[in-house]
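Look for subunit A in each of the two complexes below; its partner is subunit B in the first and subunit C in the second.
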Partner chain A sequence: MNGDLGVWAYAITEDDGDHDISWLTGVAGATVRATRAGNLTVLVSDVDLAEFGEVALRRNLEDLTWLETVARAHHQVIDAVSRLFPLLPMRLATVYTSDASMASVLGAHREQLLDALRRVGGRVEWGVKAYAVPEAEQENAVSVESAAAESADRGAGLAYLKRRKAQLSASEKSWRSALIGARAVHAHLSGLAAATKLHPPQSPQLSGNQRPMMLNAAYLLDADAGTGFASQVAAAADAHHELELDLTGPWPPYSFTADDGEEGPPPAGQGA
Partner chain B sequence: MTVQPSGGGQLYGTVGTAGSSSTTNLGDILERVLDKGLVIAGDIQVNLLDIELLTIKLRLVIASLDTAREVGINWWENDPWLSADASRRAEGRELRGADGQNGQLEDENQRLKERIRELESGRNQLESGRKRRER
Partner chain C sequence: MAHPARPIDAELPSRRIALVDLLDRVLAGGVTITGDITLSMADVDLVKISLRALLASVSALAGPEEEGIR
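Up next, the complex of A and B:
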């Protein structure tokens, strides 16, 4: 290596790295390699510091197109390798000046890293998002219009006010029932998981769904528990017409690398 | 309602190719690679600071827009970092402010002051004339 290259880290594993990963392409199209750091193996690739150095990163991270490309490449490596052996995904843009420098930093965190690897234990993460479904769109919805129709003969103005009131209370009711439903679903799914983590609800811009997100949770599950979990989520979706459930996964265990217990903020809307 | 596996949401075991992640929702990926994941300091220290800033920005974007709108916080529509349109509008405002709008306002202000002076002097003349007639 020379002074122009840095070492981009993807993930840490206890595995001896005796797998063929030469087919993997990392950020900026670089080849991914495994390097030893004490008794840990780190998946890295060499990056040009002209693009990934201190000054360049400061600029590039503000460029959403650059960020998307790099984030996807980073995720792609972690995702692919997580199917081969247990690992701890590293946060985007963890860059070292050399393998030796990285080994010395990781060596200082050795116990913490081994604890985290054991805690995650080769499990995978599943994401469940719950969106509130307006009552009018629910399959068992009672028409708001029919309630207002009774009073239609008492004048258009009164009818309008009644209809408006019914709409407002229906929307409040569906919001509240979606929140209660989301909590119930989360409580049920938490019982199936080794650990859970609540993320902040995403905006419609980010989720691509115009309905308000009531729950954005991650569940840590054994690698072979995915099918069972998916059917539990499907059953929950059948039981909760007030919710639209969105299941993603399996993810590498991104949300479970830190030892901060299973606590998290309550589902969206609580206390608001 | 149905479960909607999205992007990387294929059941475990059916996803064998790394290419599948290109269809995964960008928000889901950024949420994880920026905000989650193992945090160990790199040699390039500034990037951690930058990412913290970025994470704050993303968290703001991630926070429910609807909730924010309800309480009247619609800053994202005016934050140049988040919106190219807002950025262009902000530039437009600066230009107008520098040599357009402010100048116009000052002119108008000046014209109004002059008009008031005219009216007041006219009224004074009327009043003094009335007083003369009353005597």
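Up next, the complex of A and C:
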């Protein structure tokens, strides 16, 4: 049953909407359309407020499956259109009650939006994550099995404690060297980028990588600078054995729509 | 600004973007001029917290043993 409709916003552009985007499908399978808001164009689709209204939205966002489906649909539209013309992505779950209401809100921020569009439009973002590689994995791994076997002996308790202490100090050491390495890599890559943004490090549960994340950064680059950037990241990976580097992108410039402090706090220690 | 075409069919289907990387961006980035119905900052934090709890419970089997570093 159809309830009242709302307007889900994907992205803002200065483009006059000449491109054919009728093939694009957005959240909940709705057709994407372009609507004018002052002299800006906004890509939107209509959503049922029974699913995307305030109360429903709050409830649905707690549902990981729902969230993933919607986030991917939102991204798919922005990603596809960002290949056609410069745009500013909207944050997930920006919903208006009507085109007119949206136009009036965005119109009030027109200058700010145009500034942001000129700053990031046509550029892309690359993500670099750095994980600390434990020293034990770089050379001599102390296996759990050998510790367990030893504990069968008398006096093994002391040996175990010594070994454990050594492990902890090694892990402290590799954490420190990874921290220094992550800062160096970030400083180098920042020099190649128009802007940088630090995201909080992801927990192992979320990243799927048990190693501690030391850096979770985004770099704003010209669209044609990706290959050069990727090879710089590869070179950094070769030079820093204490780090595992992970490159993602190109992304639409999600992390650079706000003109806030683009140099965040220093990397890593980040989470602390 | 020129916006060179990227090879759409060359790389997209093969590599699925990690949800967590996507959520870093779509929940924390993007234009935040508020909609009539929209997430406040506090709501976004709530989503992240419950998401973390949800994923942690899903992946509890692979639970991390290493404390101390974080």
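The definition used in the following text is that the second predicted complex is superposed on the first by the 237 of 272 C-alpha atoms of A that agree within 3 Å, B and C clash if a C-alpha of one lies under 4 Å from a C-alpha of the other, contacts with A are read in each partner's own complex, and residues count from 1 in each chain.
Keep in mind that, in the parts below, a contact is a pair of C-beta atoms (placed from the backbone, for glycine too) under 8 Å apart; a residue touches a chain by one contact, two chains touch by 3 or more.
Predicted model only: the values in this text are computed from it and were never measured.
Judged by the touch definition given at the top, the superposed model places A:67 against both subunit B and subunit C. Legend: residue contacts after superposition of the two complexes on their common chain; A:136 is shown touching neither subunit B nor subunit C. In the superposition on chain A, contact is made by A:227 with subunit B only, not with subunit C. With both structures placed on the common chain, the touch criterion links A:86 to subunit C but leaves subunit B unconnected.
Of the two partner chains, both subunit B and subunit C are touched by A:109. Using the contact criterion defined above for the overlaid structures, shared-chain residue A:180 touches neither subunit B nor subunit C, since it reaches no partner.
Once the two complexes are overlaid on the shared chain, A:127 sits against subunit B and subunit C alike. Residue contacts after overlaying the shared chain place A:241 against subunit B, while subunit C stays out of touching range. Contact with both subunit B and subunit C is seen for A:202 once the two complexes are overlaid on the shared chain.
Subunit A residues in contact with subunit B (one complex) as well as with subunit C (other complex) are 6, 9, 12, 52-54, 57-58, 61-62, 67-68, 71-72, 74-75, 83, 88-97, 101-102, 105-106, 109, 113, 116, 127, 197, 199, 202-208, 212, 223-224, 248, 250-251, 254-255, 257-258, 272.
Of all residues in subunit B, only 1-9, 11-13, 15-16, 18-19, 21-22, 24-48, 50-51, 54, 59, 61-67, 81 touch subunit A in the complex they form. On the subunit A side of its complex with subunit C, the touching residues are 6, 9, 12, 49, 52-54, 57-58, 61-62, 64, 67-68, 71-72, 74-75, 83-86, 88-97, 101-102, 105-106, 109, 113, 116, 121-123, 125, 127, 132, 168, 171-172, 175, 197, 199, 202-208, 210, 212, 216, 218, 223-224, 248, 250-251, 254-258, 271-272.
Taken in their complex, subunit A has these residues touching subunit B: 6, 9, 12, 24, 52-54, 57-58, 61-62, 67-68, 71-72, 74-77, 79-80, 83, 88-97, 101-102, 105-106, 109, 113, 116, 124, 127, 133, 139, 197, 199-208, 212-213, 223-224, 226-227, 230, 233-234, 237-238, 240-241, 243-251, 254-255, 257-258, 268, 272. Residues 1-6, 8, 17-39, 43, 47, 50-52, 54-56, 59, 62, 64, 66, 68-70 of subunit C are the ones touching subunit A in the complex.
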